[in-house]
Amino acid sequence: MADLSVRIGSLALRNPVMPASGCFAVEYQEALDLGALGALVIKSVTPKTRVGNPTPRVAEVQGGLLNSIGIPSKGLDAFVRDVLPAYPGFGTPVVVSLSADTVAEFAAAVQVLSRPGVAAIEANISCPNLEADGLAFAMQARSTHDAIAAMRRATPLPLWAKLTPNAGDVAAIARAAEAAGADAVVMGNTALGMAIDVHTRRPRLGNGMGGLSGPALKPVTLRMTYQCARAVRIPVIGCGGIASAEDAVEYLLAGATAVQVGTASFLDPGAMRRIVDGLHDYCAAQGVARVAELTGAVEMEGEEQRNWRAQAAAWA
Amino acid sequence: MADLSVRIGSLALRNPVMPASGCFAVEYQEALDLGALGALVIKSVTPKTRVGNPTPRVAEVQGGLLNSIGIPSKGLDAFVRDVLPAYPGFGTPVVVSLSADTVAEFAAAVQVLSRPGVAAIEANISCPNLEADGLAFAMQARSTHDAIAAMRRATPLPLWAKLTPNAGDVAAIARAAEAAGADAVVMGNTALGMAIDVHTRRPRLGNGMGGLSGPALKPVTLRMTYQCARAVRIPVIGCGGIASAEDAVEYLLAGATAVQVGTASFLDPGAMRRIVDGLHDYCAAQGVARVAELTGAVEMEGEEQRNWRAQAAAWA
Amino acid sequence: MNCTDIDDPHAARAAAPLRVASHRCRVTAHQAVNARYRYLRLQAEADLASATRPGQFYQLRCPQTSALQPFLLRPMSVYGTGPEAGTVEFLYAVAGTGTQALATLAEGQSMEIVGPLGQGFTLDAAARRVLLVARGVGLATMAPLVRQAAQAGVALDVLLSARSPADAMADELLRAAPATVHAVFDSDGSSAVDRVEPLLAELLAAGCDAVYTCGSERLALLLRRLLQPHPQIRAEVALEQRMACGMGVCLSCVRPFEQEGRVALQRVCREGPVFPLREMVGGWHG
Amino acid sequence: MNCTDIDDPHAARAAAPLRVASHRCRVTAHQAVNARYRYLRLQAEADLASATRPGQFYQLRCPQTSALQPFLLRPMSVYGTGPEAGTVEFLYAVAGTGTQALATLAEGQSMEIVGPLGQGFTLDAAARRVLLVARGVGLATMAPLVRQAAQAGVALDVLLSARSPADAMADELLRAAPATVHAVFDSDGSSAVDRVEPLLAELLAAGCDAVYTCGSERLALLLRRLLQPHPQIRAEVALEQRMACGMGVCLSCVRPFEQEGRVALQRVCREGPVFPLREMVGGWHG
């Protein structure tokens, strides 16, 4: 069996497969051995209490899902008291995902969440479902830097910055997160999308717009994972449309050190286990001893393409 | 039969359905009555001669297509001499799509292309397949303004700005295009994506990355069409993943005045005819007298959502 | 730095028994019941019959076809289980993409289902007479409860509401269990609220220990009102809502409920689909 | 402003006859030919038999299944047409997503094909003896040419290269047409270039008017070399390339060709799939 372990900075994971925030909760222990995952990433919590968006909160599109859940949250105290205690104890690092409205809120919250049982904090600076047509910290390098730097000062825990595919220049934003002290970037969240019911003439989500996830998103987030991995030295965690071990390998080859699985779990709550098993199979079939070898191992140009570029000037 | 005619500025179209640039050429006259379309949009031409990218130039993904054709072009003279003459004469307005590397090149080329038989010029300021990780004029409001303003000064013809979904803030870019004198914006081009063959460890496109098109793209370009239509007073032409009359209606409801059909024609060269027919059926079934009534007619919030927002504060 | 030691066996909770799984099933029967409803029987490897409680549901992975490509799974109440351990039955209305695709499945083909999911009905051991109120395909959800009640020797009153006698499916609901059936129809006006109301009031007053309903918000809200003078009667409603995960994870399937005078959101897939009828709030469909 | 008058009938070109269409067909036969190849016969409404020339192809819309979701159409040479006007036949190797999905189609089901597409082979009226060189599934592309040649009374030499005798399918290629067949195999080493070379040289020297090849770049390049002393022999090769539109629109299917000492890109779907063999450039697969 191949060695599937990977390191995200100081954090050692038994394998590179973990859930994506909002697509996982302890309820999955009924369908999955949580002790067999690389990490457990909890649904984002916000300092402020939030009810979430009106229903319908999900709508399917071709090859994907739109959601406008809206990050319902009972606040930090309720989270620490009622939610968090269920997660440690599976022998799997617990990652808390945090979303907030201001830099100060982010920094204060990160302090509250830096507590025993929490292995890392993922800063969801990218959620597109909030106010303002999806604008978020991670849309700009400056606001990314401000938020991450403030959190960096407030916690000794590993800090991951979760970026958004809605941004125009993710490489610059990944660099800003790195410069501000992030230990890893997660690439990425959902892409803001929309669907309209042509009979009712209403949006198919109660909130009008929502985040696109699932296979339809994969080509874009995979490309961005590649761009981020080229741009920074900290690990990149790939996310977007991963439903199989092959999908996970694509992200690793593109430069990811680990991957997050979201929507695929909704279609099969055992998806993450299948992906871990499939990584073993892939490594065995390809003679890969350590899955970490795959990170960034894509060969961008083959011989035929090199020949083309060498010769094509003469063809025009 | 409903009145399907629409106006894009001074240009009257018999219906709102036209091909997307690069997904159409006169060869389709073998499969389609070109006299039944709203407009004929030709494959982008560039002032410089270009061979295009190495093969493979297309790869399928779930719900979509990646392409890295790379805009092969024999230059403007060859275009005007060998390509253009085939298009006028179907009784359908001909739209020339232009791509270029610099503002000056754009402006000079637009002058060459402003000639009899050309009804409008679409400025492809957004093609993500070129150099520099897909950076393009339409990634920023400033460069959009510069390019469109220069073209505006150089031609009396209707000028459309084709935007890219890779940009972070398309509303701002649409406003820049409008301010610079564009007569319409087209939203939009492909989204930069990637796919890797996990066996060869090579990208599945010869160029490494390429543009995502087809249904997988639709939720994002539909949302951006909505955002653009809210941001500008000039018409918005929707594009991305349209394969049926219902898809076209979604774009119209979101705010588009007309739509472009790309990848769907590859799956059925008669797709545009089916869409026109389907628009007639939809209008008949819904009692819509003029298709133009549909533009922007989405009702963003229903009663249930209003009730939710009114009451939810008390639920937290 | 807080570097969890991933190999410390003492840190690991005992892995919970995996209650929910994706089961690959063979279609052993699939036929039209009438113009709108279809009956589907599946055979799994696992013992779904003893794992599944009345009122629970599964999420069905409807097939992909050239014309229909449902992305999400579709929630369906269990209509029956057994006699074999791996047998599970559904009764469904052909509605949109997913159920249309489902309808194309031929006997002998296979499909996946995820479950069992959600909280079912509660039938008190002491109950002697219960009332079931179902409309439309809501009867699918009720059928296992009919069977449980019949087996426990509980007397059954059933109010069946349907568009027309052709849609009523009393036999499909009872499956030979003894019951007093009151069928009402849109087609003859007997299903109108003002005509059902006295009938229901009478049935509630006639010494009923519990009432269960599914398939009509209108009837559920009527029942809730008629129950006000009968606080001792258990009352449960099975509800629907758009779902993604079906397991309580994604928070897509929430509805507002009234609990102790306050409104709070509950997950239909997890706290439900069966809820105390008295907590139901009308007007939320998603 | 240049506002084209959209209602001016004088401006409109006469609409061209629609040569290419998406045809909905019924599967009238679909069976394995051997372990790797399958035979598919379709029945369309339109007269595809007289519209289709040897060497042309169609794009097949492979079905969507739960396991396989091909997005693009798949190009396939026409293996045969007729006897009925709407009948078209394909012979294909099961390879990846699309062809695996195709293989699930049952007789009686329907599917869409787009075509006919591309330029076929040219058989000169004056030809008396021609040589066909095919490897693997390349024979599917050749079969209509065999028939055309046989009908025209042209003598046929056929070199068939295959992995093993089980894969050779000479009968499938000839379909009872008379021909001299030379079969070579990987399994006994007879298909090696140095063993095929003298055989081909001899066949070319024996008075052959044209040579056609498909299915092996190695053989095509060998032939091109051996043809140097025979400028009078017509030589054509059918090539493959990844396609999206199949109609010359998208420019995805290009390959470099040598024309008058210069290299230029041609569209395999439009200028091809049949090209002058002497213009072929090796080493480009896409």
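Brief remarks on what is shown
Every chain is named by a letter (A, B, C and D) in the order it is written, and numbering of its residues begins at 1.
Criterion: contacts are C-beta pairs under 8 Å (C-beta built on N, C-alpha and C of every residue); 3 or more make two chains touch, one makes a residue touch a chain.
Since we're looking at a predicted model, the values are computed, not measured.
In terms of the stated touch criterion, the partners common to chain C and chain D are A, B, listed by label.
Across the two interfaces under comparison, A-D and B-D, the one joined by more C-beta contacts turns out to be B-D. Distance between chain B and chain C, defined via averaged C-alpha coordinates, is recorded as 46 Å. Centre-to-centre separation of chain A and chain B, using mean CA positions: 30 Å. Distance from the chain B centre to the chain D centre is 35 Å, each centre being the mean of its Cα atoms. Across the assembly, chain B contributes 51, 55, 61-64, 206, 304, 315 as residues in contact with two or more other chains. Shared contact sites, meaning residues of chain C that touch two or more other chains, fall at 61, 69, 265, 284-286. If touching chains are joined by edges, the resulting network of the protein chains shown connects every chain directly with every other. Within the complex, the chain A residues that touch chain C are 10-14, 22-25, 27-35, 43, 51-52, 55-65, 67, 69, 72, 89-94, 116, 118-120, 156-158, 206, 214, 263, 265-270.
The residues of chain D lying in touch with chain A in their complex are 256, 262-265, 283-286. Put simply, chain B touches chain A in their complex at residues 49-51, 53-55, 61-64, 66, 74, 133, 139-140, 166-169, 171, 191-196, 198-203, 206-209, 212, 215-220, 222-223, 226-227, 241, 246, 249-250, 253-254, 282, 286, 297-302, 304-305, 308-309, 312-313, 315-316. Of all residues in chain A, those touching chain D in their complex are 304, 307, 311, 314-315. By the touch criterion given at the top, residues 1-4, 6-9, 11-13, 15-16, 18-22, 61, 69-73, 112, 114, 241-255, 265, 270, 284-286 of chain C touch chain A in their complex.
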